[in-house]
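Below: a set of structures, written as structure tokens.
Here come two complexes built around chain A, the first alongside chain B, the second alongside chain C.
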Partner chain A sequence: MNDYQYDNQTVTGFIVSSIFWGVVGILLGLLISVQMWRPEFNFQPLFTFGRLRAVHTNGLAFGLGVGAIFGLSYYILMRLAKRPLLFPRLARVQLYLFNIGITLAAVTLLMGYTQSLEYAELEWPIDIAIVVLWVMFAVNVFGTVIKRREEQMYISLWYIIATVIAVAVLYIVNNLSIPAGLFKSYHLFAGVNSANVQWWYGHNAVGFVFTTPILAMFYYFLPKSTGIPIYSHRLSIIAFWSLVFAYLWTGAHHLVYTPLPDWIQTLGIVFTIFLIAPSWGSVVNGYYTVGSDWSKMNTNYLTKFFIMGITFYGLQTVQGPTQGLRIVSQLIHYTDWVPGHVHMGTMGWVTMTTAASIYYVIPKIYDTEIYSEKVANIHFWLVLIGQLIFSVTMWITGIQQGALWKAVNPDGSLKYTFVETLIKNYPFWQVRTLGGIIFTAGMLFFIYNIYMTMRRGKTPEMAKA
Partner chain B sequence: MSGGIYSKPIAFAITATVVILIGTSVTMFYPMMTVQMHPKLDSLKPFTALELAGRDIYQREGCVNCHTQTVRPLKTEVMRYGEYSKAGEFAYDRPFLWGSKRTGPDLARIGAKYPDAWHVKHFLSPQSMFPQSNMPAYAFLKDARLDPEAVEAHMKALGFPYSPGEIQALKEKTDMDALVAYMQVIGAAVKKTAAPAVAAGVIKETHIPNPLANDQKAIARGAELYAKECASCHGPDAKGDIGPSLVDDEFFYIKGDLPDDDYFEVINNGTSEGSVEDGRTARGGMPGYKDSLKKDDIWSIVAFLRSKKAE
Partner chain C sequence: MTDNGDNIEAFEAKETSRKLPVGWLVLFWGLILWGIYYFAAYSPAISGWTQEKAYQESVNK
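And then the complex of A and B:
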């Protein structure tokens, strides 16, 4: 009865590309983690910490993250619209352009071409390529949704649509710049204003790259894997609208105690606290969904990935607002606490959920079963342990750093010189590298499992739906 | 909840866009239209061609990943780094370089804190001055020449004033020269807070002697502190390097010793160009240690220097 076909090759192409960039990004992460305590591991001029850090963050946010988002969003989109992509060839071109774009991004960042805006480092020619990529994505998303063969749009589609719109607005505004050469430009905004625009962007890049599209995966693949429908549709409506409303107010919590006008800081902090509610709306929805049959945690190997992922999302969205408070910010801001926080979200929530979604998708596309649930379980425990070692160690370091910077002698003079506070981080930074190695090992098990599943399945075609 | 906008994608997308733009407008677009987001101190000057070239290098090398450039209005932070950052200091900063992580110290008040030679030595090998530092060496900067044409294009793009001679002069300059020039201008728009001298007048009249003079324990402690805090500039034997010799009986370019409490004041407050100590004029370059060393520590260093001089 169905005479249409799903474009599985493009989906697979994005997934494989995203895993490739993920490996690059994670290995660079290990290298820069070593550079933190062994400066001789900086290789001038290309492979110094200052340049590599941006390749690490961009490689993982845009290579691993956005690559997986493109692929999995298309997978979800076709199934929820009950039709193939409206422009399958465009999607294929998008796949090639994506890989060219990420390659150029990595090369130019190593060469030191950077706008110095966090998560918007790429210089203007690459920004234009990214906007083109995003327009291609938007055209296919909206085209396919409009021409869908299913009356209702499921929750995941809301999150995908919100992602398409918000990222477009954020990316274009913050990358407005004055070109001063082929690979050099200056931010259109100056000083305090530049800071405000950047962190409006920066925080919402987290919101609409690391949150909404991952929630789209969560809401689709959790019920698919467990066979249990989402607990509350009403709750998901409330959580969705309050999340996309509140996120855009919160960027200034990155600028607490800076010269940014106080009212913007305070407003940012207030909405950051409010953001706990919609975030936990999804957490609760996830828990109650599986809550109807907790035995799934044992019987279905993917359930624990999703539940652990949403748990870290829940912890992340309580820890984040706490950090926004002035009293906490003044202690932990600018310390290693912050990378500890970020990596709980990226390693715990984003990677866990994305990997589980890929575990679900690849056997479906290749018309087979997962190669080994045992390997998947080893992967699960290694990334969980690696991530916890990383995050917990960095929180301890952060509190220590903040406290040492503030410590005074009885006569009121500072107790420690900067170098004295620095060297106390080294043991913690070494443990962080260890956590990273364990996490990387876990990811290698994941890749092996996916590779073996692909090998034993059928080659993906334009599969009959 | 059937029907409604959940079956009308265009209506849904428009609603979502409006919802997203509310917070965006209030916290980002609206402030941009107001003067409070565009403050500028009268003392703030646009970057010169050499300074801008240095700032470009600061961006290129990703210094912002490890160094902040904003001092928060917190007591210990002001003590460690200097005056807290003002909104009006950054009008020419495109983009702002406040950063988000202090793997290394904040640099908002680094300008004029040390002499140029200090920075060169530090960039060549940070470990030569701070053996346990994790900062990468940037020795390659001294071999890279600036590209005057590119710098001119950058000055034009930003609309900063420059003279042809200024661009011409860049030919002779290296990346190192430029980066050091930039380091020295960071935070220059804000006057350094005059160090609250330790009851300067009173001390001057009475010339307080070192309470720890000839105290062997203090001398040992002073030697230890000297090695940690002073040796990288004044040399391991106090015979001078970036900073002057401290054992040649010449202070501020004039022969003859200074009294104990003047030693104390120089270490405590540092020097700036034109500051006067016991009738002698300094050329600046010595950072003050009043916030990082206890009074007894400073007196111990004075005791150590005296013993060194007597050798």
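And then the complex of A and C:
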């Protein structure tokens, strides 16, 4: 059992690192939300919106998101494969390299080094480090799956495998570039091709960082924490294969009404709308699972996290595809609707589900109970309210912005100047900051709860079999 | 530590593990059919629709 203890320490290391980068990313998010309506909060040159925005997105997607994905995937993997990791020391080195990588990412972005590709800002030397990191993850995942001691592969393993393969392909292809010095490079693809590859990557970062690994957690930790088995195994498998098949074709919906060929845009929209079905396969499965015993919503404090998480996943996977339709895109594209959409996904689905998974894992590893369910409930309500304020205000101002931009006088000239439309955003941006503060307060309750649980429990080395 | 391996059967509901809800199947096949229609309707090579023409029409209105 010593192997499990060593691996559990690695899992804990990833979780703690992920929470650390989460705090950094969320606090920077608060600062840049203030910068939107109080320009004097830009501090030249390092702490300006242009630089901090990329640190915020990268810090949370790769620091909080991928850190938690590494740790929780390893936890799930060991238990479903019924064995410790095949390469425990490699996983430990991966943990150290992960933190070095995110640190370098944050520093270089603050210094202004960027490839100017959204979610792929990091320059080529850091890209290489990230590929090395991902190969370490892949070797351990595939090695442990191949040497597993349980023949049947549960759905969560399929989602983890899809994550490993898809992210590798997406990240490498979109980061192919020609270096021009240590911190400057040019995308291998040019013009429309560059845009198409970039959004093929950009949208699937959402698919394979914010969806598949989170579904792996959902399918694993929902039955584990409630004790209720998943309603339909067949539905979960069909939803999985149709999801991974459709996702990789959808990126072009980011380029509606651009020079990208019309038929590619249309194909992207078709696959995007189809994606509602596999996404809702998981939503329906989640509801039917808990539907066999709704009293778990009261008796088990984690159930509501998972149900609320899958509910926002369900809302997102209808709202997002709808945005891809030409008729909707022409109103809300390039407006604040888009960050509203993204944040309902990241704050409502990803963070909610990940936090619930961590609530399950940490007491197990430390061989204790959660410090306080009451604190967890406060955390739940604060992040829920904060997220709703954030998303809803951005939707409203997004529609307003789009409508003002499109308004024309009888002679065809624009009715409003850009600055006039901008000023109307200010009250909504202020309310967004308020939503962000409430969400951040909720996350602080979460961190306090996890910290106290760790203090109360035995350390991973002490927890004997 | 007592949680080092999972009994895979505990994850699957016995009676319903092979069920596919009818409403979901309608959604699944419906979206595939809609996709075929939409692709035909908005592909220049099939229907003749282009975003350039659509733009001109909206300007002429």
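Keep in mind that, in the parts below, the second predicted complex is superposed on the first by the 452 of 465 C-alpha atoms of A that agree within 3 Å, B and C clash if a C-alpha of one lies under 4 Å from a C-alpha of the other, contacts with A are read in each partner's own complex, and residues count from 1 in each chain.
As a working rule, a residue touches a chain if its C-beta (ideal position, glycine included) is under 8 Å from a C-beta of that chain, and two chains touch if they have at least 3 such contacts.
Just so we're clear, the structure is a prediction, and the values are computed from it rather than from any experiment.
In the superposition on chain A, A:Q152 makes contact with both chain B and chain C.
When the shared chain is aligned, chain B and chain C each come close enough to touch A:H233.
Of the two partner chains placed by superposition, only chain B is touched by A:S116; chain C is not. Once the two structures are superposed, chain B and chain C can be ranked by residues of chain A touched, with B on top.
Applying the stated contact rule after C-alpha superposition, one finds that A:W280 touches chain C and leaves chain B untouched. Shared-chain residue A:T289: touches chain C; no touch with chain B.
Legend: residue contacts after superposition of the two complexes on their common chain; A:P427 is shown touching neither chain B nor chain C.
With both structures placed on the common chain, the touch criterion links A:Y257 to chain B and to chain C. Of the two partner chains placed around the shared chain by superposition, chain B and chain C are both touched by A:L267. Where the contact sets of chain A with chain B and with chain C meet, they give residues 152, 233-234, 257, 267, 271.
Within the complex formed with chain B, the residues of chain A that make contact are 35-39, 42, 44-45, 48-51, 53-54, 112-118, 142, 145-146, 148, 151-153, 157-158, 161-162, 165-166, 169, 173, 178-181, 184-198, 200, 233-234, 237, 241, 244-252, 254-255, 257-261, 264, 267-268, 271, 330, 333-336, 338-339, 401, 405-409, 411, 413-414, 417-419, 422-423, 426.
The residues of chain C lying in touch with chain A in their complex are 1-6, 8, 10-14, 16-21, 23-24, 27-28, 31-32, 34-35, 38-39, 42-45, 49-51, 59.
Listed in rising order, the residues of chain B touching chain A in the complex are 1-2, 6-7, 9-10, 12-13, 16-17, 19-24, 26-28, 31-32, 36-39, 56, 59-66, 68, 70, 72-74, 76-77, 79-80, 85-87, 89-105, 126-127, 130, 132-140, 150, 153-154, 156-158, 228-229, 290-295. Within the complex formed with chain C, the residues of chain A that make contact are 1, 4-5, 8, 78-80, 82-83, 149-150, 152, 154, 219, 223-224, 228-235, 238, 242, 257, 262-263, 265-267, 269-271, 273-274, 276-277, 280-281, 284, 288-289, 292, 326, 364, 367, 412, 463-465.
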